[in-house]
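To keep things simple, chains are lettered A, B, C, D and E as they appear, and every chain counts its residues starting from 1.
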Amino acid sequence: MANLKLRDIKKSYGKTEVIHGLDLEVLDGEFCVLVGPSGCGKSTLLRMIAGLEAITEGSILINDERVNDVSAAKRGLAMVFQSYALYPHMTVRQNLAFGLENLKLDKDDIEQRINKAANQLRMEDYLKRRPGQLSGGQRQRVAIGRAIVREPSIYLFDEPLSNLDAELRVATRVELKALHARLGNTMIYVTHDQVEAMTMADKIVVMHDGIIEQTGSPLDLYNKPANLFVAGFIGSPKMNFLDCSSLPEEIKKLSPKGATTFGIRPEHLRIQDENTLSLQVKTVEQLGSDSYLYGETIDKQEISIKLNSQTTIKGGESVKVGFSQSDTHWFNEKGASL
Amino acid sequence: MANLKLRDIKKSYGKTEVIHGLDLEVLDGEFCVLVGPSGCGKSTLLRMIAGLEAITEGSILINDERVNDVSAAKRGLAMVFQSYALYPHMTVRQNLAFGLENLKLDKDDIEQRINKAANQLRMEDYLKRRPGQLSGGQRQRVAIGRAIVREPSIYLFDEPLSNLDAELRVATRVELKALHARLGNTMIYVTHDQVEAMTMADKIVVMHDGIIEQTGSPLDLYNKPANLFVAGFIGSPKMNFLDCSSLPEEIKKLSPKGATTFGIRPEHLRIQDENTLSLQVKTVEQLGSDSYLYGETIDKQEISIKLNSQTTIKGGESVKVGFSQSDTHWFNEKGASL
Amino acid sequence: AEIKFLCYQDANECDVLEEMSSVWENSTGNTVNFEKVGYDVVRDQLENQLEAGSAPDVARVTNLGGLNQYYLDLTPYVDAGKWETNYGATLPWYRKPSGDNGIYGWQAQLTVTGPYVNVTMFEDAGVDMPEEGATWDDWADALRVVKSELGLTAGLAMDRTAHRWAGPAFSYGAKFHENGVPILVDDGFKAFAETFVGWHEEGLMPAEGWPAGGGTAYKNAAPLFLDGTVAMHMSGSWMLGNYDANITDFEWKVVPIPCGSGGCGAMPGGSGVVAFKSTKEPEVSASFIDFLSQAGRAGYFASNTSNITAHQGLQKAGIDYSGVSQRVSAGLSTFAANAGKAAESTPQAYWFQGYNKNFAIYGIVPDYITKAITGEMSLDDALAAIDADVAAKIAE
Amino acid sequence: MFDAVLNLNSWFLFFALYLLVGFILAKDVYGFIPKLMSSIGWPIEFTQKLFGTKSLPYLFLFPNILIFGLFTFLPLFMNFGFSVTDGTSINFENRAFSGLDNLARITQEIQIDTGGINVENAKFKSALYDTFVFVILQVPIMILIALFTAIVLNREVIGRGFWRAVFFYPVMLSPVVVAFLWTLILKRQGMLSQTLIDWNWISEPIQWLMDPNWTMFWSIFVYTWAHMGFYMLILLAGLQSIPRDLYEAAQMDGTSERRVFWRITLPLLMPILLVVTVLSLIKAVQAFEELYALQVGWISLVSYIVENAGIRGQKTFFGLGIAAMASLIVALILIVLSLLQFYLTRRQVKL
Amino acid sequence: MTDVIKFFTRRQGKKKASLTDWISYGFLFLGFLIIFLPVLWLVMNSVKSQFLLQKYDTNFLPMDYERIARATTYGPDGKDILIMKDLEPWVMFWKNLSDDERAEKDVVNYIKNFSGNEYYALRSHFGLVSVMAKDLILSQNLPDWLIKYPSMFPSAKKEYDPQAIVDSLVDEDARLLSEYLGLKPYKPNGFTAQILVSMMDPQTGELVEYSVSRINPTKDTVNARLVSNPKGGITKLPQNEIIINKNLKPSWINYTDPLTKKALKSFDAVRCLNNSVFVTIVATLITLLINSMAAFALSKYRFNGQVIFFVIILATLMVPASVLIVGIFKMVTMTGLSGSLWGVIIPGAATPTGVFMLRQYMLTIPDELLEAARMDAASEWTIYWRIIFPLALPAIAVLGILSIIWRWNDLILPMIAVSTTKAAYTIQLCLLDFNGEYLAREHYALAMTVVSLVPTTLVFVFLQKYITTGIASTGMK
């Protein structure tokens, strides 16, 4: 059980700074998810926390102790890697035991911890197999198991689900969340998939180009994005952004002062007449449960709409869509939310 | 412009038969998607159509001509490979020209076709680059371009999007669909992603273990799955299946004769009192626009629910969910839809 | 004390020496550790070992003069007078070029070059063998007849080294040196070189002999004699045991060395046992060698290895060769006669054998003569090159 | 046999001591292999504990670099030393400095010591020339054959593993055996002459290895025979690393087999082909053991060096210096060759 | 079988074999012949007797001709050539018998069955002349010097007059002593094993037997003597009309003699093989250990001088050991390794090829695994031997096999390090024992060469899959 504090962390590779001074506090037992587009520095940050990467500036505190100079092995953390990084030449049991052996624990203790973890993660059946003989989901579990047996104070995950196929990803994320509930440990989780971030996090940290854009609970970020970037990043399909100047008067008048961009999420658009935008539908995607309409406004700004049912609208038709005022977002020139 | 007929196609590798006798008709101009779980024989079938794989039994007809013994090159098809299979040592232009040179077309003609395709796919900027210098999406386009320049009668695609990241995949599938609309050619498209299948297909062919489970339009499959397999395969999250015997009397009485399994899609369940099932919610996933509830019935059958809004329900609560009778599915012992 | 004896073994020489040394070991309490190795090892490695200071105490060597800077002088440890009487003729071979009177090694075996003849072939061809005193030209004539009568590919083979070549060259009048300085190419040398090249051109000598060797490499012609390609092999006394044991399908004999205007030239040679300066046990090593050199031991060694002894006393008194076949003993006497003749008529043979850089010349001559035979060079150029190369190789 | 192993030199003692220390330090490690490995690696473990990871790479490199230093680089420096000194001795104190005299001895027309014609110059030049001819012919021929074999084996042939093994087998043989083997066949009275006479192709046996018309042919043949398999395997690996679907794409494009080879296989194989070419070039320049043991009718550069160095037979006063000088020239050639590879592969990578 | 046919006639996926298929298989088969015939030829030669090898026998199998004895005797009547039929094989090949086998035969009694020139010929053949002469000299109390007379130098011989003593003896004794002393008209009698051939007499149509000393396959005729009239001179028989009988006669002693120390007392095959096995195994282990350590450092760390170290290691690839022999010799001696097997093992333990190959392979091992191990509190040494080493096994196996080949076949290092320490000889050095200064025992050398091939061939047969696929999978690219 531990908390984590980052104080003005910076990281440079040679002359290029990739993390520009971050402050972050993760509370004891919290499930904290770092999201952000590829290359924004999520992994780098996580690896600095883990101790795998030297810290250029700033300090990392675990339980209020500065650990900058403590080696990875001694920080008491465990990490689950994107590719799992299971030792392919060892059986599952050996994979789990490896770290414990390095700590020179005695055999019985090792045995006991492995059995406990195996039980927890339902891996008993394949303790004797090698990673190569496991399915993606099973490997995933072993990777988590390897972290669990070490009984770390903080778990670090670097995109642990990105190698799984869609179905398994859904199942595993539910499982992981349940695990967190059961263990109650602090977990720091990196992903660039915002669905994962939304569904799993107690706290989401949205990163972008080496800085933190916003920190908060998932629904906070969804409902009250701090800026254009967060608004566009959270939610799928992406929020529609329209230039204020091109809005019909009827809508323009709703805009607060200084607003230059109007945002509305596709799922908040309805085929209705109030607050309407007219648009030309280009493609319709029917998923059975939902339908996506992709269209453009008269001045060629693209708009997507998500409907919660099957629709008879076809590509080429013109429709009018409306929204309720409470769902609108407005951003100023600098992209900040108003 | 061509149609395609498969008559009792079989394929064996050595002694193991992997395709067990398929009949299929793809109409002129149709966008036909083959879906099915991994290993069900989709690629094999496509490669037989392409002429890359010998046909063990049965016949393939293109425009009603038997082409079993016609070489791949002469069938007038073009194929886009999962890994794109671009020639890494040739520039994009050379990649596009290569097939045409084989046909001994004259230079002007080649030039013209390449320019047309480049224009169509917006590739003009990187015609002189090598595939190694392109991003995933750009490579994808080149691969399609290579098919287009050959002006084939039928396009074959083998999971062309599976190497792209989520965002790009969405964008490209819209683009591909638009391309189909523009060209009007017959296209046969393999995927195991059912979202792709639903959104792109005129006709979906659901395969399973070397046989065709169902053929039909996307919404047909969604609304009227022929059997348990198709019902479970199409739709995300997966349809909930409950044992008829464990249903409350109120619901059981709706069941047709011979039904053993009751199916209801997560998006058709609502928190309501009519036709209700009571369940214990285990996890709640809030996506902002939608929420997923995962729970189980009293007799531990798992059930998921998709709500079209944010919810305040928390894990651990008990809720009652209902549905309208028109959304129910019933299956008999053999799994066939009733 | 223990001494290490690096002994190269051709047939059974080291086994015999070991047997002999056990007597010495028992009587003195010293030990001799034999390393019986192949000839290549002594030829290629010994000198480097000597330089690096990791040499054995005692070794059996053939490059007698070449290693003289490393030899231990046995004079202080042995009865020098006795050695001079018994081995006076071979002791100079071990000495440094000028004014050296040391005693350095025991000439364990004396070898003499000379020809072997396939008697059966002469019989089958109906050709009478030239008698003792015949010239090389006489032999060449006889061999030509045998060759054509029997349809042989060639008549005469010679090992590819100047050591074999020198004997006939002496016969043709080659002097090889003037006052101890090598002067190789003189009229006699040239005369034999011309004859020799001519023999190859006409096919009297085989293509798989000299022309089949590369560079300065030695090449043994015995296989050509054994397999019946040629009727005569210019070889030496060391080959007796081998031929006696391995020739079963024709008769052979050793014939007296053919002569010429310059005499009846044959090259003496052989191997000797020496001790090295670097030894930590000079006295023991010297006493060991002294022991081996005693008449009784030397005779034992000669008779058990079918060799000619260098012990001058034994040469007079004879050795009991009753263990060997008659053909061998007949051969030994013929070779012994050759050695005598050579000593008288071509003293340059003894000089050449004692010359400390003779091994370089052994290789150089075949190298260029071969080129003359194959037509890569004219004979004149080849002879000039021999002179130039020898001059360069012996220059310091 | 153990007397030769234990032959107590201090190395062995040090090594034993080293292991012993490791063994004591590894007291809390269990299992034979873990214990053994910690016994071996204790200095590295120890250093990491005391000083962190900074110096570890050097420790990991140390044994290799030590051996390279002692047994490759010091000898190489000695060769420099030999090349500028004269004397029969291999000890520098007995050698006299002579500057570039040895270079003059192998390159000038006049022998600088005797003033006569210089035969060494001719020998060196012909060794250089013959080696050049050998390399120029052998390398392309071998690569062509290796490539052809690899292409054939890359097809769907039955028993591919068997054929692959067959073609690789000669690589397992030592040069001495290879030479022995082929001498049995190629000597004048050997199998080949005999067979050809039986077939009435030739009337007289031929001295295949010495005959100036044939010696180069058979040198190349035997050398290729012995080494082709190795390069064939590398090329085969290269062929197999070309994605199958490229071929399928080409098939869909209606490409003829010939065009597939020239436009797809060959260009994609080029990087490996280059590596193989340079490797075999280096090896061909270094060719020695087989040729020496075969007693072919020409002298390769390395043979020339070995013969002069006095490693075989009688030493001569200038031999070692001349050999060392020649070896430096060979080294120079090889360095140029490998720089060439560096340059070529660099360009290839950019592709 | 039908599968095979089907396979042969199948084209990639299609039904019929194409021209390219035929060319492919033709090429492969030709390659097979070119590679295996020489090896097979070596093996077949290794069971040929020394005699056949001397004759450059070109039969594929160890075949020898049927033999017949021909003797020459010298005496007062001049020279006589006689042919003896139906002698037992051991008589014919007396020269080839070992001492033990000779001791078993009672030749003294055996020759009593013969008389005249046949008797004299056999007496010489069995080497009884000197034995009997010595007996004679001792029993008749003749002077001692007679025994040594044949070996005296000519100058010494002049001082004695053996003829006088011979003249004093009776017929047979005089002949015996004369033969021993080599006095005229006696010369050593000859006894040879000739080839027995037969040919149809064109007139009578009967088979006539001839004795032939040599058949030169390149000539049209053979020189033959009539068995019935050996003295009648030779006739030239057309080679294609004669009938030659051959027998299969493998010479196993080529193998058994050296292996049982009968060939050369100093050749100890077991010790040679032991040493080679020791060197091969230990050197390979050390090579694998230190090369993989170096490769690990070069592939998985970043440190100052990394490139320089790498270039240094690659540079050693350029320098063939054969041109550095003198320097290597000096270093081996200076480090005190000479004369010990360690001198063979250590100098060759660091191989540039190995480091390079392993490094290339290790580059493909994901760094994440190392990081995972570091998170698992593993020390760098543990990471090396528990993670990197096992994961690089495919490449290490290749290097291992290459190292086995190199070490087993190595001649240069053993030459440098242990050539004067017989106890440390490896098999390749031992093979040189059969090269004397003047005498090569090719039959033994051949047989032992074949023996030396056995281990590498076994390694090859059992590991070829790893070798061939391993090289394919490693970073030789």
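Following the convention adopted for this analysis, contacts are C-beta pairs under 8 Å (C-beta built on N, C-alpha and C of every residue); 3 or more make two chains touch, one makes a residue touch a chain.
Everything quoted here is computed from the prediction, not taken from an experiment.
Peer 1: Compare the CA centroid of subunit E with every other chain's and tell me the farthest one.
Peer 2: Comparing chain centres, A lies farthest from subunit E.
Peer 1: Based on Cα centres, what is the most central chain?
Peer 2: D
Peer 1: Where the CA atoms of subunit B average out and where those of subunit E average out, how many Å apart are those spots?
Peer 2: Chain centres of subunit B and subunit E, defined by C-alpha means, are spaced 70 Å apart.
Peer 1: Using mean C-alpha positions as chain centres, tell me how far subunit C is from subunit D in Å, no decimals.
Peer 2: 38
Peer 1: How far is the middle of subunit A from the middle of subunit D, if each middle is the mean of its Cα atoms, in Å?
Peer 2: Their C-alpha centroids are separated by 55 Å.
Peer 1: Compute the distance, rounded to whole Å, between the mean C-alpha positions of subunit A and subunit B.
Peer 2: Each chain's C-alpha centroid was found; their separation is 27 Å.
Peer 1: Enumerate the residues of subunit A that touch no fewer than two other chains.
Peer 2: In subunit A, no residue touches at least two other chains, as defined above.
Peer 1: What residues in subunit C touch two or more of the other chains?
Peer 2: Only 44, 48, 52, 227 qualify.
Peer 1: List, in ascending order, every residue of subunit D touching at least 2 other chains.
Peer 2: Residues 90, 187, 189, 311.
Peer 1: Taking the touch rule as given, give the residues of subunit E at its contact with subunit A in the complex, in rising order.
Peer 2: Residues in contact with subunit A: 366, 368-369, 371-379, 382, 386-387, 390-391, 393.
Peer 1: Of all residues in subunit E, which touch subunit D in the complex?
Peer 2: Those residues of subunit E that touch subunit D are 4, 7-8, 12, 20-21, 24-25, 27-28, 31-32, 34-36, 38-39, 41-42, 45, 56, 58, 217-218, 271, 274-275, 278, 289-291, 293-294, 296-298, 301, 303, 306, 309, 312-314, 316-320, 322-332, 335-337, 339-342, 346-350, 352, 355, 379-381, 384-385, 405, 408-411, 418, 421, 423-424, 428, 431, 445-446, 449, 452-453, 456-457, 459-460, 464-465, 467-468, 471-473, 476-477.
Peer 1: Considering only the defined contacts, which subunit C positions touch subunit E in the complex?
Peer 2: That would be residues 6, 8-12, 14-15, 35-41, 44-46, 48-49, 52-54, 56, 62, 119-121, 123-124, 126, 150-153, 220, 222-223, 226-228, 235-236, 238-239, 242, 244-246, 248-251, 253, 315-327, 329-330, 332-333, 336-337, 339-340 of subunit C.
Peer 1: Sort out for me which residues of subunit D touch subunit B in the complex.
Peer 2: It comes out as residues 243, 245-246, 248-256, 259, 263-264, 267-268, 270, 351.
Peer 1: Which residues of subunit B touch subunit A in their complex?
Peer 2: Touching subunit A: residues 165-166, 170, 174, 177-178, 181, 193, 195, 198-199, 218-219, 222-223, 234-238, 265-267, 282-283, 285-290, 292, 294, 306, 308, 310, 315 of subunit B.
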